[in-house]
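Right after this note come the structures.
Two complexes follow with chain A in common, the first pairing it with chain B and the second with chain C.
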Partner chain A sequence: MRQHMCLLAATAALPFLVQPGWANMVYVSNEKGNSVTVVDSKTMEVVKTIDVGQRPRGITISPDGKTVYVCASDDDTVEMIDTASGEVVGSLPSGPDPELFVLSPDGKRLYIANEDDNLVTVIDLESKSVLAEIPVGVEPEGMGVSPDGKTIVNTSETTNMAHFIDASTHEITDNVLVDSRPRFAEFKPDGSEVWVSAEIGGTVSVIDNKTRAITKKITFEIQGLRAEQIQPVGVAITSDGKKAYVALGPANRVAVVNTETYEVEKYILVGQRVWQLGFTPDGKSVISTNGLSNDITFIDTQTDEPIKSVTVGQLPWGVTVAPN
Partner chain B sequence: MTNATISAETYQRHGFGLMQYLVCLKGILVREGLRYLHQRERFVSSLVRPLLWLFIFAAGFRQVLGVSIIPPYQTYVLYEVYITPGLCGMILLFSGMQSSLSMVYDREMGNMRTLLVSPFPRWFLLVSKLLAGVVVSIVQVYAFLLIAWFWGVKAPAIGYLLILPALFLGGMMLGGLGMLLSSMIKQLENFAGVMNFVIFPMYFASSALYPLWRVQEASPLLYKICLFNPFTYAVELVRFAFYGQIEWVSLAVVCGFTLLFMAGAIIAYDPSRGLTVRKQEGAPN
Partner chain C sequence: MSRRCLITLWAPLFLITRHSCDGGGDYGLNMTSTVPNTLTFLFGFFLLFVNASQPLAQEANNNAAAKPVKEIRIGYLRAYEPQLALSVLDIPPRDEGVAGADVAIKDNNTTGKFLGQQFLLETRETKFDEDVVPAFKEMVAKGSRLILTDISAKQLLSVADLAKESGVLLFNVGATDDALREEECRSNIFHTAPTRSMLADGLAQYLVWKQWRKWVLLYGSHERDKLYAEAIRRAAARFGATIVEEREYEDRGTARRTDSGVVLVQQQMPVFTQNLPEHEVVIVADESEVFGSYVPYRTWTPRPVAGTSGLVASSWHPASEQWGGVQIQNRFAKTTGRRMLSKDMQAWTAVRIIGEAATRSQSAEPKDMETYIKSDQFSIAAFKGQKLSFRNWNWQLRQPILVGDGHSVVSTSPQAGFLHQTSELDTLGVDRPESKCQLN
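And now, the complex of A and B:
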């Protein structure tokens, strides 16, 4: 039996071995551990831990897979990790307390939410300079960018709004009031809708990108859990746009939402205080970061069953996966 | 059974061939199977017990014990998923004890003599009886797992195949224990004592209800007791098999105890050496 399992593992690892570099690696920012844990998405094992600045939270990777960007919130900077060497190679000006950011689809600009200064900072990655600072609501946090790169959405936690920003003029064009403490904004792959999660409100608001009006509010209900334990945070929508995964914080579950009916189809049990989500490039797995249990859970997107939980650093916060 | 005995007697002086042994085995299996089929309430009650635990007990603990990763689990499981192999063990345990109850009943009603006067070796008759009980309990386990499947407790397909040998071994061990106990019980009424002093302690002081690390947190003594409880190993063997793995320590422990209990039962039921002799000396019947 063991031999059989080893053989299976070896066969599973084989395609990875022939691939160069860090393809399909999962990067997890550990908010308390001040590190980024690298996990192989094929073997589901920790490969490396990279020390970064203080309080790393938002994390994303360049489209070419060469650079990982991490918000080092307490160091007021965005650090760049070279994926080939696995080392921090530089930093970007970010404005104070960067929490979450989003990379433009062409990989040229970084839009950063500065939680303390009520600003969204736009960074040009080529010149590594600040292009613009856009004043938004109080405590900006969630950042989303439309697939065409023309619209940026920022959510402000205290103002309870989703701010739609024109990417070319850097002006706010629309403000949409959502439920209490909006944490995250995610565009559907076709750009038609933005999903905004509200942590305290316990809802996900679906905003039509054309009319900029809320078309649907998704609520969650888990048998045996009090409503205040259900706090939606991270949202991830599959590349075909058919399913959305919503991380429900202290409910320790990820909700699977049908994007056509807006009905919750399933709740998947993961670790404690599930925060952010990330897909593997093949779309076969979605990975959740479970802050309080210090691990990440791989979920099979075909069956929506949790496959394996892997211990990473202290208080895992964000996750990004290297493209093929 | 009677037919098998008669045909066997014909060959008594020449020893028995494999076929005769099989005829005897079939007789015992069929009798046990028929008895089981005729007692539908027994089938229902054997299913209701674990289902109550699954539907009601596990539901209450769902959130409390929802978080723990221990092998063979690779991620977080709900309590009802954790408890399912333990409930399979529970079916084996109750069924093993129940078949020993039926032996006490047989002895009181005199049916036992029909079995024991058979010219086949005593060990073979006892092992056949044990086997019959295990087959019946395995059917119960699969019926339970089917219902659990609809309740959302699912294992990989291979797991359902792999638990078969694990259930068989566990069943033989617990059936052997039941048989050993039945040889020590004089009357049917005493069986209530077995329930309280054997079944419940064995079930509760094991890994069936709580993972051992949690038991250790609560009480190191209880943890040690659990480690010495053979039922723990039967449950773990089933649990690992359910997820396509073999737990070698459990396998060794269960095999060891199976041999021990069966040897004990065979000696106890041996007319020349066993406990039955002593009892008959004391009691007129």
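And now, the complex of A and C:
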């Protein structure tokens, strides 16, 4: 805490500027630290720590880069951080225990998974009001949205399903059974597939967005590690759709998957309990949050080698990077 | 989901709309419609658009509503009598176990609404030494063919073969007796309760990992205390600890709580633990709650206490928050108004196993569920950091064992370094090569 205070004091004296084009701010939610750490993507150094509500987990940024949204799970709210001032400026009604959310591509709506109440809450960001509450399976967590904004996918961890929701009617259209404890849903940039990770099942299911059927199940194998230690959580797919990165939790590694062959091409050792992933806007780096080692790792997407690990707050959970 | 079957929603339209449904062959009607198919189809849609009210249309949109709801009855047979404990905090709640099953039924129904499955729980109570056969037969007559049991080993064996004849699957959520998984094992009993040997091994691994290898064993005079003591002896031999001395505490019926406070047993403890050889830990085997809770802080020499009091091994802990545990703990506390205990978790897991089997096999038939649970595909997530599965030689659920005191979780076994060729969870309890179980 003292360290945080020093950082705050140091940064307060400096003008807090985001210069587009050469550096982007990386925002990391620290689940146990009740804070968001801001890291400069170019220098890969911490520039600021922002105190937020209790148990911050899901984190995302508006397309214009002006607002960061953070789920303060234990405060039953979503907080908004103004990126210019680096301060919490307001909150949104989120429903109880928001864990993870996704922003519609136009930045107008927020789709939130309410873990304790088996609901997905739809928030209109302009009016800051709840548009709909959609009952889903037990312990909703992963949230994905198709690039055209028409389809939302929610995963429920105890029901073990990916629920496909029509974004215009807010009705569930399909339920796809996946493996145990699905944590995350990520659309391919062309919208053709949804990748759903299953933490306890140890797999990633690839679901065809047209037929809503599983077309491929990706499994992971790491020499010297027991199968139970490999627990896929976060998934990130490159903007050209060619490579997918999968965070493998207590396996302490990020898997690199070829999206054409669905083969794992590499395992990158990062930090302990790798949770979520985020790209820099230029696509040159992917950043992993390593919960138990209290750091994030920058990975070079050309070489798929880790470049640097940066200590953030306690139990880093989610990550989002400001757009250019 | 573009397929929409309106039959179940709109009975008068049955004949005309049937053609717009696919897979409708199992409705048992011999279709002899004289209207051409396309016309039928259009007419059906016309009527739908004209007449369907908003909620009806919404219901038709939901693919679950299009499926007939299948009921899955789960029975819960339990022996219950108010029990005494040395500490008022240890008196079992009235709904211990049943509450866990209730929460899992809700979880299953949330999932079931997407698949047209509805789960119901029917609980029957008997006394500790009562004949459970009549209650069991009644439950079966009422349609329960999946039954959770929280009864003694003897009671369970009295209905095991009867269950098999009636095609009933049993889920033992209460009895920790190793014998039920060994010489008395059955192919139609799944055990979500851990065995005494699994609990003792979980505790022993932790103590050995701590390098506390010299133990004194204090055990009670009732049968279950002696069975727990036996599991401790086995664990010591297995993991390289030494029991330097054993003492039996005889129950003379004067213990437990009284209005004046139980000073007698407490006062006996220092003397009872006097003149022991050098030791590092005192292990207590007192499932009957006669003296065990009075051992900590009252030993002659200052030593940590473990076993059935002090540091206790269990399948769950009310303070476990790791691996998504916060979610089930919150859900349980919200529903029941109390914290979740081991037996609640054992019952929750059993009902979730049934739910998972119903989901994956897309069936409400116990036979289909049994096939799925016994297949290699089966696994269940139960907030213990890894998937749980059944040992296929005796249908015991393999699971991590939590080691904790009254306040918090101290550690989770298997401990690092206890290796196994197939699953490290099989370092806990009787392993396949040693098993006496012969399933038929």
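The rule is simple: the second predicted complex is superposed on the first by the 302 of 324 C-alpha atoms of A that agree within 3 Å, B and C clash if a C-alpha of one lies under 4 Å from a C-alpha of the other, contacts with A are read in each partner's own complex, and residues count from 1 in each chain.
Here is the rule we use: contacts are C-beta pairs under 8 Å (C-beta built on N, C-alpha and C of every residue); 3 or more make two chains touch, one makes a residue touch a chain.
Keep in mind it's a predicted model, so treat the numbers as computed, not measured.
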Side-by-side fit of chain B and chain C on chain A, or clash: fit
Touching partner for A:241 - first (chain B), second (chain C), both, neither: neither
Residue contacts on chain A - larger count, chain B or chain C: C
Contacts of A:115 with chain B and chain C, given as first, second, both or neither: second
Touching partner for A:293 - first (chain B), second (chain C), both, neither: first
Touching partner for A:137 - first (chain B), second (chain C), both, neither: second
First (chain B), second (chain C), both or neither touched by A:252: first
Touched partner set for A:161, first chain B, second chain C, both or neither: second
Contacts of A:281 with chain B and chain C, given as first, second, both or neither: neither
Partner chain(s) touched by A:226 [first = chain B, second = chain C, both, neither]: second
Gap in Å between nearest CA atoms once chain C and chain B share a frame through chain A: 11
Complex interface listing, chain A residues touching chain C: 97, 115-116, 118, 135, 137-139, 156-161, 163, 169, 171-175, 177, 180-181, 200-202, 212, 226, 228, 250
Residues of chain A defined as touching chain B within the complex: 1-2, 5, 224-225, 252, 269-272, 293, 295, 297-298, 306-309
Chain B to chain A touching residues, read off their complex: 59, 62-63, 66-67, 69, 74-78, 244-246
Residue ranges of chain C touching chain A (in the complex, touch as defined): 1, 58, 61-64, 107, 110-111, 113-115, 324, 327, 330-331, 334, 352, 356, 359-360, 379-381, 385-387, 423-424
